[in-house]
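Dropping the structures in below, format is structure tokens.
Paired with chain B in one complex and with chain C in the other, chain A is shared by the two complexes that follow.
== the complex of A and B ==
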């Protein structure tokens, strides 16, 4: 029982980690906290559902189409709603992302309705026995895909020119401008990446949580995961997500009812009391 | 044809008029320097040339082409590389990746490798430090890194903003020595903005003196060094006499 809870916690933690990663990537590059991340995830899941189930597109192609669509979707949000606000207070942009979240939720309700769908996203749920413990194959799928995605992102941000230039822009925007890096294009790219990561999180989440226009609220639990790890730290987001996923899963079994939903916030408060900059956070070291 | 020609450039930050119509030209292969006190508008001049600041009036002409109002990345592509004041490195990237970003506009791997060798040739220290994070470098090493990074795009014109800021006299000498070598060996034209007038007049061939948004003097550095006012206010040489009143009078005469 204990190990099963750990594994299902890890799987849920992976999803929190992916959403938190979306928060962190966009924040690092643009200094905007994108509160619509959870709802972008929901849109991604619904687009996958539409292509796969409603239009019967073959699996791989459907997923690819979803990811391409979501990349464009992220770029459009950045281009249309946030770029005109460059130079305005960051607070204004964060309010815009909140509004985008609400908007997406209601538009999704209008398009796909308010009922809950069952959507396995092509993943088969069958018990897998491993070292005497019975695990769900979906949980293993989720962990596997997350590990691959994180590996791919690591490669992109450390080895490719475009990835390094995004990293560079997030570290020193002035210098990036002077290197000839198109900072506007970097913003656009990072929103595309954020939306792709969100869509993958949504596709992975659907089989364990059902598909619903409200599923984006899970972003509210991924947000403490990002803060926990030290907002702005990629490894922090992953570790934070996993801590919250696992502890939530254990709290659901070993603690009285109601604790499952609040664990994320309790852990967040405790960590912030001990280490205000988060687990992997570094004190802001901006030079004047 | 001059490499760069700036005509009647006017720049304001809101209501504050920073540049009140300055003009100057840079010939190919020259090192020219703009001297001036704090707030004279030196940094603004460079930022306007590299496209970070939009001018209100005037022209910036690079090899006969008007580049005023271009985006910074387009200006870099045209061959102007700007080393900003205050060592703006990418702190969490390695020295090597910092240099790689300097060649962002160049996608030919062979040329990038060649330029990297050239940078390592002038700054051998960067080769030794290539895998270190840039924030671990000392001030002088960071200054070398940002100059090296700017050279990675093999610019026609290098804009240097206060490379001596906060460095020891010995390091300043080293860096200016390298700047001069780059000018001679790579035939890179250099526009140097400095408060360290002595050093700047030493390396440059032509100098401009900027005072609160206006060019007040323009001559070869040989003649500037002989000029009484330059000697007193920029090189700190003193004559006997009541200095306070002299200063005021001379400054009045300049405008």
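== the complex of A and C ==
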């Protein structure tokens, strides 16, 4: 049973990791904690559902359309709601992201209704036996896509010009601006990437958790994952997500009832007490 | 002079008493010569919005029909719905608003016992009844509260009957029962019923598997059930959970028989779980509080189908529409019995007079001065071919002694 729980936890952890990745990417570049990340994920899943199931678009095309739409969607949120607030306290922007989340939930309910939908997103769900552990082909999909996505992001941030300029902006906005990097464009690109990652998480999550306008609440669980990994660290988000997923899963079996749902928060508090910068975090010190 | 004063006093007293008499003769707030104000407080935007919309659509359908046929003693029902987002503070605010500003006659259908408990002290202080609370929580009727009527059997009754049915009817041997439940008051109500049942037959519950509202991962519950060698999972869940649970069981290759309480007995649950996961079980059953309309429906169900076509509200196979509709029938029966001089106290007396009242959907309802739960009878249903079907001809009250 121990290994069974580890594997189940890994799959769930990958979902947390993907959402946490969205938090981290946007935070890294803009210093905004985007609390709408979970709800953007929900929108992504619904857009995929709409193109695939309601409009019967072929699979690959439907996923591509979803990702493009979500990239634009992320850019629009940044351009319309957050850019006017540049220069205002970061706190104001965080409040805006909270509002965006509530707004997205309400609008999604109006468009897609308040019901729950079954959506396999083209993934086959069948048991796979492996060394005495049974897991689902969906779990394999989730882990596989997460690994590929991490690789892609690593390549993007280290090998492409856009990626490097985002990295530069996150290190020092003013210096990057003076070096001729279009900081505004960097912001809108990072929101696009954040929304794409969210959409992928949403698509992977819906076969397990079903499609519902409330599914974005899982984003709250990804928040401790991001903090645990060190807010602002990409590998941290992944490791954080997996640790949260696995410990939740183990807590469900080995600890009394009720601990499973609170594990993520207990870990969050412990991390904040012992090592507030997280596992991979670097204490940032700014000179005044 | 003295005489004049005496006449004057007499006149004043007469006029005053006329006013007072008019006051007592006049019907309560919320009732005029032409209408009766009835309102529901349900979730229209939160996690159980589909239930809120379903039950109120069902009720609205019957009220439309009644209004089209002359109303009740010449009065039409003015029915509207307030949204509480499944949050009891908002339900409380809505209750205040509809009583103080809108002068509602009676509150009808409130989804969730926490909302009912939150508003009851206020509503009862104004003498406003809450009818058919739209939950099957035991504390809605035990101990009885004057202004609260629940026609449905309780979750405790259902849990008890589930065990009794397995032992007495199916004669299953070597039962290893696990109870899986949402960790809140309705869930605990169900557990209580299962406990009474298992204790009665000298068995033990081999695993207790709670989950918190909104949980999305049932891997640990399935693992624990598998480890404990569970054969039957008796569960109180809502709509998403059975689907996730059954799929997770299939992934972990765990086969069991499932019996759920009535909130999960909808087609959506079967659609979400999917044919494959349901076929992977040793049977997926539910304790139902209403009949199986397409197979057992009489005249009332026929009229319901006609009304759905005529008014274009709701759909014929929606459980929540059936549920709201039948509660509206019970309410209208009460209002009819209360007569033309309609008061809230009169309505309460009228409802207390219901004895084995058959509304065509629910088991026969009996209320009384000390009885606020209409029935304890349940029917067993099974998921067959993507829909819920009854597997019991008669209503079945539990034989296990009441507690």
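By our rule, the second predicted complex is superposed on the first by the 286 of 288 C-alpha atoms of A that agree within 3 Å, B and C clash if a C-alpha of one lies under 4 Å from a C-alpha of the other, contacts with A are read in each partner's own complex, and residues count from 1 in each chain.
As a convention for this text, contacts are C-beta pairs under 8 Å (C-beta built on N, C-alpha and C of every residue); 3 or more make two chains touch, one makes a residue touch a chain.
Given the structure is predicted, the values throughout are model-derived calculations rather than measurements.
Colleague: Here chain A is shared; do chain B and chain C fit on it together or clash?
Modeller: They fit side by side.
Colleague: Looking only at chain A, is it chain B or chain C that touches more of its residues?
Modeller: Of the two chains, more chain A residues are contacted by C.
Colleague: Should A:168 be classified as contacting the first partner (chain B), the second (chain C), both, or neither?
Modeller: In the superposed model, A:168 contacts chain B only, not chain C.
Colleague: Who does A:249 touch here: chain B (first), chain C (second), both, or neither?
Modeller: second
Colleague: Is A:177 in contact with chain B, with chain C, with both, or with neither (first, second, both, neither)?
Modeller: A:177 contacts chain B only, not chain C.
Colleague: For A:206, is the partner it touches chain B (first), chain C (second), both, or none of the two (neither)?
Modeller: neither
Colleague: Looking at the overlay, does A:258 come into contact with chain B only (first), chain C only (second), both, or neither?
Modeller: In the superposed model, A:258 contacts chain C only, not chain B.
Colleague: Rounded to the nearest Å, state the minimum C-alpha distance from chain B to chain C in the superposed three-chain model.
Modeller: 39
Colleague: Residues on chain A in contact with chain B in one complex and with chain C in the other?
Modeller: No residue sits in both footprints.
Colleague: State the interface residues of chain A toward chain B in the complex, per the touch definition above.
Modeller: 161, 164-165, 167-168, 171-172, 174-182, 285, 287
Colleague: Using the touch definition from the top, list the residues of chain A that touch chain C in their complex.
Modeller: So the residues of chain A touching chain C come out as 1, 4-5, 8-9, 12, 106, 109, 113-116, 118, 125, 127, 129, 134-136, 139, 208-210, 212, 214-215, 217-218, 248-253, 257-258, 260-261.
Colleague: Quick one: in the complex, what on chain C touches chain A?
Modeller: Of all residues in chain C, those touching chain A are 45, 47, 49-50, 53, 183, 208-212, 214-217, 219-221, 223-224, 226-227, 239-240, 243-244, 247, 250-253, 268, 271-272, 274, 276.
Colleague: Of all residues in chain B, which touch chain A in the complex?
Modeller: Residue list for chain B touching chain A: 50, 52, 71-73, 75-77, 81-82, 84, 86, 88-93, 97-98, 100-102, 104-105, 107, 135, 146, 149-150, 153.
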